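You will see chain A twice below: alongside chain B first, and alongside chain C after that.
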Partner chain A sequence: MNRLARLAISDEGFIFDPETGNSYTTNSTGVFILNLLKSGADEDEIVKALVEEYGVDEEEARRDLYDFLEQLRVYRLID
Partner chain B sequence: MAKRYEKPVIHRLQMGMMNKFGFASPFGARVRKHIDGVAIDELVERFGSPLFVFSERRLRQKFREVKNAFTLRYPNVEFSWSYKTNYLDAIAAILHDEGATAEVVSEFEYEKARRLGVPGEQIIYNGPYKPIDSLRVAVKEGARINIDTFEEIADLEQVADELGIRPKVAIRVNMDTGIHPRWSRFGFNYENGQAWDAVKRIAMGGKLDLVGLHCHMGTFILKPEAYEIEVKKLVDLAYRIEDEYDFKIEYIDVGGGFPSRNRLKGIYLPPDVAVPPIDEYAERITTALLSSLRPGDYPKLILESGRAIVDESGFLITTVHASKRLPDGRRGYVLDAGVNILFTAFWYHFNVEIDREVQGAAEPCILYGPLCMNIDVVDDRAYLPPLPRGTRLILSPVGAYNVTQWMQFIRYRPAVVLVGEDGKVELIREAESLEDIVRRERLPERLKLKG
Partner chain C sequence: MSVKVAVSGINAVDNPGPGVGIAKGIKESGMDVEIYGLAYDSMEPGIYMRWLFKRAFMMPYPSVGEDVFIERLLYIKAHHGLDVLVPALDAELPLVIKAADRLKEAGIHTFLPTYEQFKLRAKDRLPEVAERIGVKVPKTFVVSSYEGLVKATNELGFPVMIKGIFYKAKKAFNAAEATTHFNAIVSEWGYPVIVQEVISGEEMNVVGLGDGEGGHFGLVAIKKLWITSLGKIWTGVTVRNENLLNATERFVRELRWRGGFEFECIVKDDEIYLIEINPRFPAWVYFSAGVGVNLPARLMKAALGMEAERDWDYEAGKLYIRYTDDFVADMEVFQNVVVKGEV
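Coming up: the complex of A and B.
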């Protein structure tokens, strides 16, 4: 997760990677998850946080979290 | 209160991509909750998903628009409905009600038109393969026959002898009008003199009355100028025939080929820009006619337009079954409708609409069907926000060729409904069942499973 630590993430969802010069946009759920990842939360903790924060059901939250992590892997932001 | 939930997404900002898609993409999903006032939900609840939906209002309107474009410019026009484009009884019946005759290319289509109540004289019989039995029926019933091969001339002469009738016929001509691909395999070639040979052969036989010329250049033709060349060549041939032989060319059939507002693959402009209006085709065709016909001579102009008339009245409702992230980062969706019922997906990018507002930025995605075959790609270039399972997609235009070329493969073909002008929904083709498929099978007694 160390690559995430270097990212600058604004509340509006603009992300800048100073190492590669790439920028990204994400939505508010994305910002929420990224901040949890940066702070070292694991998958179960993130799912629980999504359920509490958004009132989404656990099944959907987990499904969407996996999808988001796959996207981060595609961009090589996590391993 | 909990914050509004949006599926998490992340996109890399790419300079080139920014211009191409932006964030209010022209290909972005529009929301469609109704078709002609009927809720998508209600349609699916009553008839299931996937579901073909035809709009009677759109069909009639389009037909009138296309027809008027010609009848307001030329005094003698006939529209003949291209059965192969869509031969569902209800669709063909609407077009016959609007005054179209029937253009058929097989004995099956011929029989279907007759069964609907179209008289023989209102049928145009085209195609490269006309079994002699079908020619007997067509000649007896007074159908107009557009001859495709020299063999067919001989067959018709035989039928003429048998029945003691002098059939009215036309020849189909193919020619160079500057478009590609050139459909040179149908009828007789203009430039190399083959068409003239066919005329001579018919005259020599003395048993057939040559009364028309036919040409169908291709489909989704984006160049109205091609029709101008087609018409001039046909009129020129008509007068050569009339001057040389004792024939009167009563009709010039320019075929179909006008495009619908669909997005042909490989053409990047939206249909509103890439597809010329029907008036431009009508103007070119009728001006070419009026400027090359002899004074007082108005042979009938026949049009066999198919897709331009019916495509936009047809929609397919399909449902998102699952979604997955592909290794290249794109999102893929599994839909309940595949290319076996959407043949035109091989050539066109449909307009994709969704049945509800979905939060989140649009992203490039691929729409897969349910076929368990790698080729089952309904669209490889859709641009949609992250869709929850159960979202309905409304694909259009799909009214042309799909409900005739569709095939039964691993699943049942879905129902087709018609939304009437009064907003009433009627079933015009039931969804298939196991019984439909196994009815024609015979299992030899010795192979029956014991037990």
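Coming up: the complex of A and C.
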């Protein structure tokens, strides 16, 4: 999760990686998840937080989280 | 009294020389300076940028020979004063490096690498430098025949980069393209030709100023965001990539580099692949001044024997934007340049 720690993430969903110069955009849910990942939360904790914050069921939250994590892996932002 | 500084490479065209960026940095040095532009063509835009270059002079091509070139500089010195010379074009460097002592005796100061350092960063010797500083180079073949090209591409597969020894780099995706690029480069630049593995990663460059004793007066690393069809940067962003900056510092330390340089790399995860080292500032050098590390001004100070600043704590995420502009000039300027060779 090293690479996440260095990311500058704005509340509006703009993400800048000062080491590679790459920038990304995401929505508010993405920012919510990224901030949890940066703070060291594990998958179960994030799923729980998503359920509480967005009122979705656990299965949906987990599916969406996995999908988002996969995108982060594609961009090499997490291992 | 003003410090008089002459800068070449004032061809601010679609493949711009570094001169205008260097002049902008020097202008912002906070010192009382007068900047002269040295041009090889009467249409070089810098000649007409009177707000930046107080005077402009036509220069003989370096290929004409050292004496003619130096005579021209001595003429400028005698008639208008000249304290510092900042050569910004590759073709001038060997000549000016060799003549540096002669110029110094005449009171014209430079801040350049040694001839040995200059030769060491040549494209065909990059693997040697890379090994010394602990970075990688793409697999490279230096070829001087068509058979050599075929052998290299058989070994590397496709795509490959086909490069001239000094200028031009083209990507070839198959044998036909490789042959076309090879022939074009040979007809323009001659042999040898460099055939190189393509590394996919982030293209990052560092501009810096070595002090000649293993230290430096600042580094600024960027990633190119947008390039022109000629591969020239159009927009970029500052980055703080510690691996890359550490490698650049090792280069400066190991070669005891003196003067401006551009360290061109591809960064792939934690690996640094060295692509090229330019022995002068790049055309985007003003970016360094814009983020608070005014390398052109520091070079001028170092040339004058002054203690230049060494802080280089720039911010990542600053954008460099190049744009086209236009302005109107008087025929008189053109006339003077053509008739008198100076304005």
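We adopt the following convention: the second predicted complex is superposed on the first by the 79 of 79 C-alpha atoms of A that agree within 3 Å, B and C clash if a C-alpha of one lies under 4 Å from a C-alpha of the other, contacts with A are read in each partner's own complex, and residues count from 1 in each chain.
To be clear about the criterion, contacts are C-beta pairs under 8 Å (C-beta built on N, C-alpha and C of every residue); 3 or more make two chains touch, one makes a residue touch a chain.
Just so it is clear, the model here is predicted, and its values are computed rather than measured.
In the superposed model, A:Gln71 lies in contact with chain B only, and not with chain C.
In the superposed pair of complexes, A:Gly55 makes contact with chain B only, with no contact to chain C. In the superposition on chain A, no contact is made by A:Ser10 with either chain B or chain C. Once the two complexes are overlaid on the shared chain, A:Asn22 sits against chain B and chain C alike. The wider contact with chain A, measured as residues touched, comes from B rather than the other of chain B and chain C. In the superposed model, A:Ser39 makes contact with neither chain B nor chain C. Annotation: chain A residues 22-23 touch chain B in one complex and chain C in the other.
Here chain B touches chain A in the complex through residues 2-13, 323, 325, 327-329, 331, 359-361, 386, 388, going by the rule given at the top. Within the complex formed with chain B, the residues of chain A that make contact are 15, 22-30, 32-33, 53-56, 60, 64-65, 67-68, 70-72, 74-75.
Chain A contributes residues 8, 16, 18-23, 76 to its touches with chain C in the complex. Interface residues of chain C, counted against chain A in their complex, comprise 202, 204, 222-223, 225, 236-242, 267, 269, 316-317.
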